[in-house]
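Below: a set of structures, written as structure tokens.
Shared between the two complexes below is chain A, which pairs with chain B and chain C, respectively.
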Partner chain A sequence: MSTSRIFSQYSKLPPIRKPHNNNDTKRLSLECSEGQVTALFDLYKNDEDCIDEEGIVKFCNDLGVKPDDFIVLVLAWKFNAELMGRFTRTEFVSGCKAIQAHSIKWIQSKFPLLLAEVQNRQTFKEFYRWSYKFCLTVEPGQRTLSTEVAIQMWTIVFSQREPPILPRWFRFLERHESIRGIPKDTWDMFLPFTEQVRLDLTNYDESEAWPSLLDDFVEYESDLHNQNVQMQE
Partner chain B sequence: MSGSSRGNNPHGLRQIGLDQIWDDLKSGVEHVYERQSMARTRYMELYTHVYNYCTSVHMTQGSRSSAKSKKGQGAGGAQFVGLELYKRLREFLKNYLVDLLQGGQDLMDETVLTFYTKQWEEYQFSSKVLDGVCAYLNRHWVRRECDEGRKDIYDIYSLALVTWRDNLFKALNKQVTNAVLKLIERERHGETINTRLVSGVINCYVALGLNEDDLTAKGPTLSVYKENFESHFLEDTEAFYLRESTEFLRQNPVTEYMKKAEARLSEEQRRVQLYLHESTQDALARVCEKVLIEKHLEIFHSEFQNLLDDDKNDDLGRMYQLVSRIADGLGELKSLLEAHIHYQGNTAIEKCGDSALNDPKIYVQTILDVHKKYNALVMTAFNNDAGFVAALDKACGRFINNNSVTKMANSSSKSPELLARYCDLLLKKSSKNPEEAELEDTLNQVMVVFKYIEDKDVFQKFYSKMLAKRLVQHMSASDDAEASMISKLKQACGFEYTSKLQRMFQDIGVSKDLNERFRKHLALSGEPLDIDFSIQVLSSGSWPFQQSCEFTLPIELERSFHRFTTFYSSQHSGRKLNWLYNMSKGEVVTNCFKNRYTLQASTFQMAVLLQYNTADNYTVQQLQESTEVKQDTLVQVLQILLKSKLLVTDADENELLPTTTLNLFHGYKNKKLRVNINIPMKTEVKQEQETTHKHIEEDRKLLIQAAIVRIMKMRKILKHQQLLGEVLNQLSSRFKPRVPVIKKCIDILIEKEYLERVDGQKDTYSYLA
Partner chain C sequence: MNDSPKRANFSALTSQSNGLNRHASPLVNSKPGTTRKLIIKNFKEKPKLPDNYQHETWLKLKEAVEAIHTSHSIKASLEELYQAVENLCSHKVSTALYDELKLVCECHVRSNIHQFLGDCVDSEQFLKHMNVCWQDHCRQMIMIRSIFLFLDRTYVLQNSAVASIWDMGLELFRLHIISNNTVQTRTIDGLLMLIERERNGEAIDRQLLKNLLRMLSDLQIYQSSFEKKFLEKTDCLYAAEGQRLMQERDVPEYLSHVDKRLHEENERLLHYLDQTTRKPLISRVEYQLLAQHLSSILQKGVEQLLEMNKISILTLMYQLLGRVKDGLKEMCFTFAIYLKKKGKLIVTNPEGDIEKDKDMVQQLLDFKDQTENIINTCFAKNEKFVNATKESFEYFINQRQNKPAELIAKYVDSKLRAGNKEATEEELERLLDKIMVLFRFIHGKDVFEAFYKKDLAKRLLVGKSASVDAEKSMLSKLKQECGGGFTSKLEGMFKDMELSKDIMLAFKQHMTSVQAPGNIEMTVNILTMGHWPTYIPMDVHIPVEMVKFQEIFKKFYLGKHSGRKLQWQSTLGHCVLKASFAEGKKELQVSLFQTLCLLMFNDGSDFSFEEIKQATAIEESELRRTLQSLACGKARVLAKMPKGKDVDTRDIFRFNDDFKHKLCRIKINQIQMKETPEENTSTTERVFHDRQYQVDAAIVRIMKTRKTLSHTLLISELYNQLKFPVKPSDLKKRIESLIDRDYMERDKDVANQYHYVA
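Right after this comes the complex of A and B.
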């Protein structure tokens, strides 16, 4: 987990150990915050001892953010949430411990840190890939994300740093109703696509191992471009 | 060193002083060199002089003569004497030649050649004689000197040559060589020359190239020849032909030039054979080719295209012969040929226009004509050169698979489809079936085109469809021809390609037996059927027929249906029979018209007509209900019946509504008494073609996926490009998969979790077991 990286900056703080680690001296301070975290959890839980969608809305409200804000997704990722729209007790508690926060104010204060963490390229890649699987959990048994939902997810995931190609990509997806959803591989490969391919798409090589939907996109864009050029002539 | 003539002679040998013999010997040698004939006795005298001298022993010289030899080895055994004689002979030769030179120094051209060659011949002859006279000297003293390493002692003949070289040759060779070159130039201009003058000089130069380091080495070194003649000759030749070829090309067409070049090349070849040394052959050929051909390659290349356009086969052959002598010269010609054939093929098909799209015969014949023409060209003019054969193949591969017809149809699969239809025409029974030999020939030609087809799987699908129809309708012109074609396909594509076709054949044979047995069964049962009935049972896996549709069998046919079904199940329990009504047919006899007609009709048609046994008119709706034939199919059936004038209607034939009434036309007439109304429906045909193509696409996707899985299973990890390559390779014998389709299949397999991308290397895949 990426916890160790955060805590390198906070050398004064004791590192959080997993529950099965025996380190009694440090336990005391942890137990204090754990109590507070548990109390926090209880504020939002429902009858089945989880925070459901309603709880999440409240939680977000208190945090001063919207449920579809980027930071909320990051939180879910940090919390290792299994299903979208739900936090279990374990997830919430260990998640708060992981980010070293035990109250709303504390969580809020961690926001800049989390945002910075996820800017790191490798970390963002993991987060990005995780987002797809996470989003699928909305509908059990679903294997592919629908185009509509994928677009929403992309919007959230890229809200901090939008790749310039994104609007054109969305336009392509919206104009082609025949596209039946976005498979995981295409989602995953879209990220390196934004990183490696120039905005004018001139260095795209369709004989390389890009997913075929990206081939179609580039072809569509270049057709459009040619049409425009012709019309100008 | 002239020892005392009489003196110590303890051994009793005669001591011969050189002076004693020299005068006589000298005059004898002069005699030899004056080319006067010599009596044998005189020859022997001279020989004996030498012998005596050489064998004479000079005691005082004994030690000194051995001291004379540079190596200073003591002479063990016989003492050889000879230096003095040798020196005097050498002196003689030198003087002789210097004198001789006077007579020739100021000569030029032919005269110097005449002089030189004559003198040389005579000198050679005389020197041989002298050599013989001095044989003893050669064999003993000279040999010992050489063995001891002295470099400037030769046998007398070689001494003569060396002396000639150092005196006469040195002085005259420039004039002589120039004269020879002038002569050769005159001969090139067409004059007849005295070639003996040239060959004499050449022989001399060759002979003078002694290997001085090792006289026992075989043959001359040609160093003199090469330095003093060959190099100048080659330079001269190059300049001459450079001038001539450039001038000629300025004033003459290339075709004429090629003839001249050809002639010049063989002329030079003959020249070497006639009077130059054979070692010059290769170097001369290289020089000539460089100047006559290589220098003008660009002109050749542009002319090549003209020759192709005008079909000048002889000139093309000539150009091939010339250009093939130049390394890599043919590359450009091959490309030009390929482009030309491709263009010709495409243009020929374009010329056929729209008709080729639907007339397989025109299409295939056009292709074959182009292929035949250029195949002949490659075989004759280009000597069946592998590179040109490859150019032909490449060009044919391109224009056969991609031409105006395939563009019109918007599908590269049109070509194999048309080829299959052509086969159908050939193999179907018709009014003008060719002879067996001719048919076999044509089928072989079909295979020629087949070889170039990329989408062989399309051909197979169409071929098998048409074969199925032919078999089921008993329309094959010749069973032998059918079998022959299948074996040709098997040879070209392997067993799997033709296995279904063979099964179809088998099924027909089995059905024949089956019919026999059924007839016997009926006969034995004592309850014959009231109609003539025969059946074909086809194993569903091998035949390309689709399942039949809804249908109510006419009552008249029900009994046959039941009898046969019972019979068959008793023979083969557990097998299910699916009746293909849409492919069945029969004959109906009319009793309601003026004449008694026999109508050959499809089963659907019969079902409709038999309704009219009970009434004169029906609506479309009623007919649909009683026959249960699908609406659109029924409409087409009715339209054909209307066209054949058996039924009539007041409504528009092209717009039959369920309420339209169709009446039996009692006034039906036809010239023939047997009428075939079972003509195929147009839309059925077109629809079939479209479904076939769609099936092919789907089949291909599956084949590609299967290939990918197979490859990845074996390789475990593979890069994207390599995977593409291997897929193309594996499937190339069936069809050429397009890269976008392969990529889509890869995507599908990733989603199905057969493969995954290797993390960090976006273009490497690994197999997921």
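Right after this comes the complex of A and C.
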């Protein structure tokens, strides 16, 4: 805590602006920040010079967020984290550099920016696809995400803008124990599914290249709907 | 229709002269050799007629005509009268003569009408009177015409505006008699009533009808006055009759009735109706009785008739319905529905009744026979019906996946096995041909192949094949149907058997120089892996002598074929054991596993299940089957304690010294021939796995060639290449699996496109 106080004074100094000497300015601000970032990293690192799960919990606490918050995932993505639940020195340092933040407060201030960035459709798509691979890293050698974990991931990933179909999709998954995990292709295609298919599923065409699990889902939903209609009648 | 008025033989009762006139020949018989000259001189004066000649002659003629009209005898001779006419015509009084004649006739005809205008005349009587009147008229006109023939032939012919005497007569009759409304109505109604009575079953005076209808024809009012009404009445009658009888009668009766009616109407056409009425009449009857009720007839009757194989009625129906528009088309359609329905019942087995499945193939064969018989006999081999049959059979046989293919394979197996003495060679050939017809309809032929192969292997290895010729014949039929690729493995199996025979000959030679272990003989069949079904090798404990023998053979074989590997299949082995019972020696034909069990009893009298299992290392469920066949079947060479049908792991087995059998050589290895339910399911599953591999291979092949392909094109290409039925959802799953295994990938932007991953 004492170190942050020391450093926080530095951070309040405005960067020296010299129009014709931008590089120098940057270098200066970078040099200043790198030291700070490294120090920040040291706050949370463990014996093996990494931030592990415990460190992440602390980091998140300081940031005022929960470890399973959306923004933490975005951070991990921005940091190019290789494994879930771990930040290496390189990842942390270059990540902070990338978002131009060198302290907890600065990182916090970048949150709105990051959230906005990820709103962009193309960016979100990349982020979305990345999160599957990232989640797999929890268990090495795993090829397919288990349904449970996939549901959790979806909840996080869609927490900013939940597609209306999501609860029904979850209900379908939970009711069918025979589903053995979510393959990457199905994960990837779920996003365009939420974007292109109407809520009443009427414009879904199963002769197109949708993954078969989505075919099953639509069939399930339409069976339910028919049952309901019959009961009403 | 224009009647030529000069048809004298048409309605007259009496045959008349045909108008030939005979003049005295002017030629004179001259004596031969002499020539005489004939000089003809003109009259010095033109001869003049007496003054009253015209008037008096006319009176004479008039008298004659009136006499004809009143049916009295004529005073003057016909010759005289004829001459009179000629004279008058020569002196240019033809017109006056004609007109006078016409007047007289007109007068007479007119007078006749009164008899027809009276009230309350019985219809038939009326018609009879009409007939008489007409007949008289005709007769009279003919008479008159023969008298006035000269007039007819000169004056009338020279003046086109003047009708011939005959026509004049007709015109008068038409004008003054039949055009009268009352008369016409009464006549027509009377005729219609007669016809109606006949249609109701009464016998009527057909000649009367015929005459009067001919009369109407001659008077040229047949169509306008009679035919129209007649056809309307016909319509009414048959419309009502059709409705009524469809309700009251069942289809066979109805059809016979229709047939009868058509027959009757044809009779009417023969006997009294004019031929021009044929087409409209028959088509109306067909329409009212058949076309109107087409769907009811088909719905009500066809299915039962087909089910009960009522050949004659079906033939009748085919003929009758062939007369109406779309009749046969609809019948064919109903026929197809029946076939599909019944076929589906035969093929599907919703309750899973095993007994029902056993009968399926025989029922199908019988059904096909029955259908063909109907098509040949009743439907005259009509191509539409033949095609409908093919389509229906193909439809319902594939309503149930895999089972029909499997059962057909088993059926063929049962017929090709030894001990099947039912059929002669030709009968067997014919039966196999019929089977091939069914086989052709099946979509998933690979299921058939898997089972056929398995059963063929058993037949060849356990020596149960009845006739090599029959086997080869069946094989060539399959080859013809499905191509060489389908049968290549099967042919390989036959070749292996031949080769094995050759090898055994060489081996026997070899054995003369080598010490044979123990007192046993051994025959080996070498199976090329890949040709034969997959057998799971089971390691069991084989007696030392057998092992030694196997080693000798192995050495011998590998000496000839060095690059190969041999694997002994204990499940397929069978032996002949010599056994001594209290009653005497017997030879037992048993499987290898049975042998291993029995041989134990050379060294002891009682063994428990566990002991046997330990000693032989036979897998438990297999051992159960084996011991069951030895202790609980027909030939009980072992005794089981406790007694019972099923083998339990705690049972004890003992050699049955009291075993008796009427035969010396007893087969107890039928269990090798029988198929366990596990075998069955595993065969089917293997086929499905194979299909999965084939789908995967096809997808990879296609993607490798095309590099990039849309989803829809990939699916359609797959359907082109794959020869077995497969659902689009199954194809999708294989695509997904291949994506997951990185054989292909989805395009990042266009989700519907796939790329090949090298």
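In this text, the second predicted complex is superposed on the first by the 207 of 233 C-alpha atoms of A that agree within 3 Å, B and C clash if a C-alpha of one lies under 4 Å from a C-alpha of the other, contacts with A are read in each partner's own complex, and residues count from 1 in each chain.
By our rule, a residue touches a chain if its C-beta (ideal position, glycine included) is under 8 Å from a C-beta of that chain, and two chains touch if they have at least 3 such contacts.
The structure presented is a predicted model; accordingly, all values stated were derived computationally and were not measured.
In the overlay built on the shared chain, the residue A:192 is in contact with chain B and with chain C. In the superposition on chain A, A:184 contacts both chain B and chain C. When the two structures are aligned on the shared chain, A:100 is found in touch with neither chain B nor chain C. Residue contacts after overlaying the shared chain place A:207 against chain B and chain C alike.
In the superposition on chain A, A:88 makes contact with neither chain B nor chain C.
Chain A residues 143-144, 183-186, 188-189, 192, 206-209, 211-212, 215 lie at the interface with chain B in one structure and with chain C in the other. Here chain A touches chain B in the complex through residues 143-144, 183-186, 188-189, 192, 206-213, 215, going by the rule given at the top.
Every residue of chain A that touches chain C in the complex is listed here, in rising order: 143-144, 183-186, 188-189, 192, 206-209, 211-212, 215. Within the complex, the chain C residues that touch chain A are 710-712, 715, 728-729, 732-733, 735-736, 739-740, 746, 751-754.
By the touch criterion stated above, chain B contacts chain A in their complex at residues 720-721, 724, 739-740, 743-744, 746-747, 750-751, 757, 762-765.
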